[in-house]
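Each of the next two complexes has chain A plus one more chain, namely chain B in the first and chain C in the second.
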Partner chain A sequence: MKKVFAIALGILAAIGGFVDIGDIVFNVEAGATFGYQLLWAVVIGVGGIITYAEMCGRVAAASERAVFDVVRERLGVGTGLVALVSGQFVNLMTLAAEIGGIAIALQLLSGLPYRVLLVLGVVALALVLWFMPFGWIERVFGYCGLALLVFAVAAIKLEPDWGSVAHGFVPSTGSGDLAVYGYFVVGLIGAAMIPYEVYFYSSGAVEERWRPKDLGINRANVLVGYSLGGLLSFALMISAGALLLPAGISAELLGTVALVAEVPLGQVGLILALVGMLFAISGAAIDSAFSGAYNVAQFFGWEWGKYRRPAGAPRFAIAWFVMLVLGFLIVVTGVDPILVTELSVIFSVVALPLTYTPILLVANDRAYMGAHTNGRLANVFGVFYLVVVLVIAVAAIPLLLLSNMGQG
Partner chain B sequence: MRRVAILLTLATLVGACGAPSSVSKQAEALASTAAEGALLAGDVADARSTGAFAKTHARALLEQAEEVRAASASPELGSLAGEIVSALRQLASAPTDRVVASEVEERLETAAKDAEEIEESAA
Partner chain C sequence: MTTGSIDLALGVLDHQLLDVEGRRCGKVDDLELEGLGEQSPQVVAIVTGPPAWRGRGFVGRMASALARGRTVRVPWSEVSDVASAVHLRSRAAALRLGRGDDRARPFVRRLPRSE
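Here is the complex of A and B:
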């Protein structure tokens, strides 16, 4: 029974962390622009996050320390600080995008003014972060986010050409504008491997007091959780490819995503899609706010942890509160949350090597890992994905410019 | 070099925020907005949407069409954008009226076809 509950950590990470506003935006835009041709890029991204989240969980279980704790010690203060600053910048942009996304989802549900809902949304997030126990956050946001499975039903109901869908899992250079295609490849892999997911996952594992005996749970979490996240990504892209591409509709609004469920499934589909988006985006906002606080607290050696009361870890509590306020201030200026989402994903891609290189180094360090050092399989995947991450990090900004942010 | 890269990035981002500038891109954007508006209106006409969603999403689409109208590259596009704005405004102000939605659906389907024709002739 305890193992079943432990897997909830993976489900939260998958729904609230994996399927966030970045995944929703990039998968639906990619489906609307290229149909099913980019499904293979989601597979690459899911494989990458499974590989590195498993390593992070194993590092946490073996060393009882989270990523940034180890990064500072392993890489030194200078390099660690660069990783911290870039990680925090990306975390903040992601959080701003998620806060904007929450307000839009609430507006689509209620019809109330966007700015009022921005305030309500951020206050609700603060209350959840302050009062709700970790276990409840996992359950409420993880399980309600599962309403996004409505897109799997929508994808089936829209009767896509399954032969073309299957063909989309084979890597190709695609048809159409190569720069736009490359931009979406980078965005899809980046959205799947966005850094705050592993920061949150490893810190959560330390909070849950994982030990080497929990390594089975770690593997189950990443495989079940992130695979489920990957299935939702496939569903989003397939349903957008089946509905929006033939109609010549580009997906530049969150409402368009909800419309993809409404057209085949009516009001029930619409409401499930909006509720799923609301909880998945809120869960991701919580993850990214906590990630920001975890990183800074671990780097500077402060007391940290959701399991501690705010009075027991005051600087940690202040850190997530400041993240929340800054994220709110960014979106309250009126900047388009979808634009912030795309930028946060592309800039996170640039920062990916700084996140994943230290994890691979530490997972191979016997001084930290003892008998749980990376095996051959973990290293084959780890090195492969490090190369992928380096390539897309170099390509991200040029593709952003050449593709005019995917608009051709 | 780094400064040039930052400036180029910022210039691209600023450019990407607004409406597209060429006739074919503007026509493509209008065709997309009109087609999406027609789908939404069709769902309202069939009582398959909610009032809050229809109102909010119609307004968001309306803003997209307004952006193109404000920067329209030809009088023909400006007039088409105006027609799309007018239809979407009608839907946003009566988001549960099935009769209005049915009319709006027809207007937007026609507008989407017109936009596609302009796009093809400009290409």
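Here is the complex of A and C:
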């Protein structure tokens, strides 16, 4: 019973932790631009993260290796360094976008100046990371992020045409500008499969000393947690499609996102939306800062671990601190955080194959995996998603340019 | 020691080094072989530290030129087991491994609640 409870708590944290600023921006913009037509792309993205997070968790349980151990062992120093540098670049962009998002959410809640809140936000993150035990961080940010469920209520209250919603789950080429539509397909899949999630997940599994007996927990976490996280993405897109599209409002500001909950639900809706965004985005900022530290420590063989006090893994602690400082420096220049968000998702898509290819190779290697080598199902999905990832990686930059970043 | 055959490139190179206390203390950045071209070539040492990437392809050579510090040579006789990581018989400090973390620790320790 205690175990079931623990699993349920883990799943709750995963739901709150799935949605980050990339998901919020792309889902709401897609809803505001194309209504419900792109819901299918979210399904593809969620399927992708489920497939590869499950594989990473299994690799961690069977072989005690996290993603960048595997990258280093399989790609060697040369290609591995390319994977490290591109992975870190994307992590840093993501972190910068999340820090900007935190400041915007705080600004909408308090009315204080943006740059002041950037400083406050990043200092608060550093203090939380340094002083709060990790179990608490996970719970506080995961559970408070669940306030985002207000968007599910908003979606229902806005009474969308459920027939068109259902239609959106069928892949189509959409109506309107094909380049913009393609840009959003890439962005939605990329936001769902953003690589820091698997870096963080697999490193956590190694830290918690998962063994093959924990594979049930791995499957439950990934399947239920990410599927329900995907529901939040649907809710964001559906409510934006029901409210913003007919009104002709585009969603270039995070404030517009909160509006989506305020119109049907009033003040309470607005505050829940902002609090949910604040905690979900902060949780993602913490995960991406840690991911940066995990990657570099695993590549060079340093001590690492979020459950260790900084003196136990000093370079790891310095690494996440440096990530925070660099992320802050990017957004404090005044660059638009929404722009950074979109670029971080698109660049992460370009770098995805370097993360997912070595994982698929290792998950198929009996010397590493023994009895837990990929079965047919994992390989069908694994290969399918590797193809998807390769296609969107090639298409990402051309679509970014052709669609003028989704502006048409 | 693992019995049977082992692929040095896939099974040892680029793997994590763990000292006798389970501390992570570097990667197998290169291997020193002796008796190449003779009857029975042997691995005599593990070389660790980014400057050892000189022999690891174009990107490795460029990165090693930027890397500071020295490489450390760990005699193969120090290896107790090769599993998902390469396990060593001694403590990291005795083998002069993990010095980067040791150098960074006093700095981090000056801050409150670092332990």
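One rule holds for everything that comes next: the second predicted complex is superposed on the first by the 391 of 408 C-alpha atoms of A that agree within 3 Å, B and C clash if a C-alpha of one lies under 4 Å from a C-alpha of the other, contacts with A are read in each partner's own complex, and residues count from 1 in each chain.
Rule of thumb we're sticking to: a residue touches a chain if its C-beta (ideal position, glycine included) is under 8 Å from a C-beta of that chain, and two chains touch if they have at least 3 such contacts.
Just so you know, these numbers come straight off a predicted model, no measurement behind them.
Engineer: In the superposed model on chain A, is it clash or fit for chain B and chain C?
Structural biologist: On the shared chain A, the partners fit.
Engineer: With both complexes superposed on chain A, which partner does A:270 reach: first (chain B), second (chain C), both or neither?
Structural biologist: Touch partner of A:270: chain B, not chain C.
Engineer: Once the structures are superposed on A, label A:64 by its partner contacts, choosing first (chain B), second (chain C), both or neither.
Structural biologist: Touch partner of A:64: chain C, not chain B.
Engineer: Once the structures are superposed on A, label A:163 by its partner contacts, choosing first (chain B), second (chain C), both or neither.
Structural biologist: neither
Engineer: Given the touch rule stated above, what does A:334 touch, chain B (first), chain C (second), both, or neither?
Structural biologist: A:334 sits against neither chain B nor chain C.
Engineer: Going by the contact rule set out at the top, does A:82 touch chain B (first), chain C (second), both, or neither?
Structural biologist: After superposing on A, A:82 lies in contact with chain C but is clear of chain B.
Engineer: Angle at chain A, chain B to chain C, CA centres, as a multiple of 10°?
Structural biologist: Vertex chain A, arms to chain B and chain C: 140 degrees.
Engineer: Touching A:375 in the superposition: chain B (first), chain C (second), both, neither?
Structural biologist: neither
Engineer: Please give the least Cα distance, whole angstrom, that chain B and chain C reach in the superposed model.
Structural biologist: 19
Engineer: For chain A, which residues lie in the overlap of the chain B contacts and the chain C contacts?
Structural biologist: Touching chain B in the first complex and chain C in the second, no residue of chain A appears in both lists.
Engineer: Under the definition above, what is the set of chain A residues touching chain B in their complex?
Structural biologist: Contacts found on chain A: 107-111, 247-250, 252-253, 255-256, 258-259, 262-263, 266-267, 270-271, 274, 336, 339, 343, 397, 400-401, 404-405, 407.
Engineer: Sort out for me which residues of chain A touch chain C in the complex.
Structural biologist: Contact set of chain A toward chain C: 63-65, 69, 72-73, 76-82, 130-131, 297, 299-304, 309-315, 317-318, 367-368.
Engineer: Can you check the complex and tell me which residues of chain B touch chain A?
Structural biologist: 5, 8-9, 12-13, 15-17, 20, 25, 28-29, 31-32, 35-36, 39-40, 43, 46-53, 55-57, 60-61, 64, 112, 116
Engineer: Mind pulling up the chain C residues that touch chain A in the complex?
Structural biologist: So the residues of chain C touching chain A come out as 10-11, 13-17, 23-27, 29, 48, 50, 53, 56-60, 63, 84-85, 98, 100-101, 104-105, 107-109, 111, 113-115.
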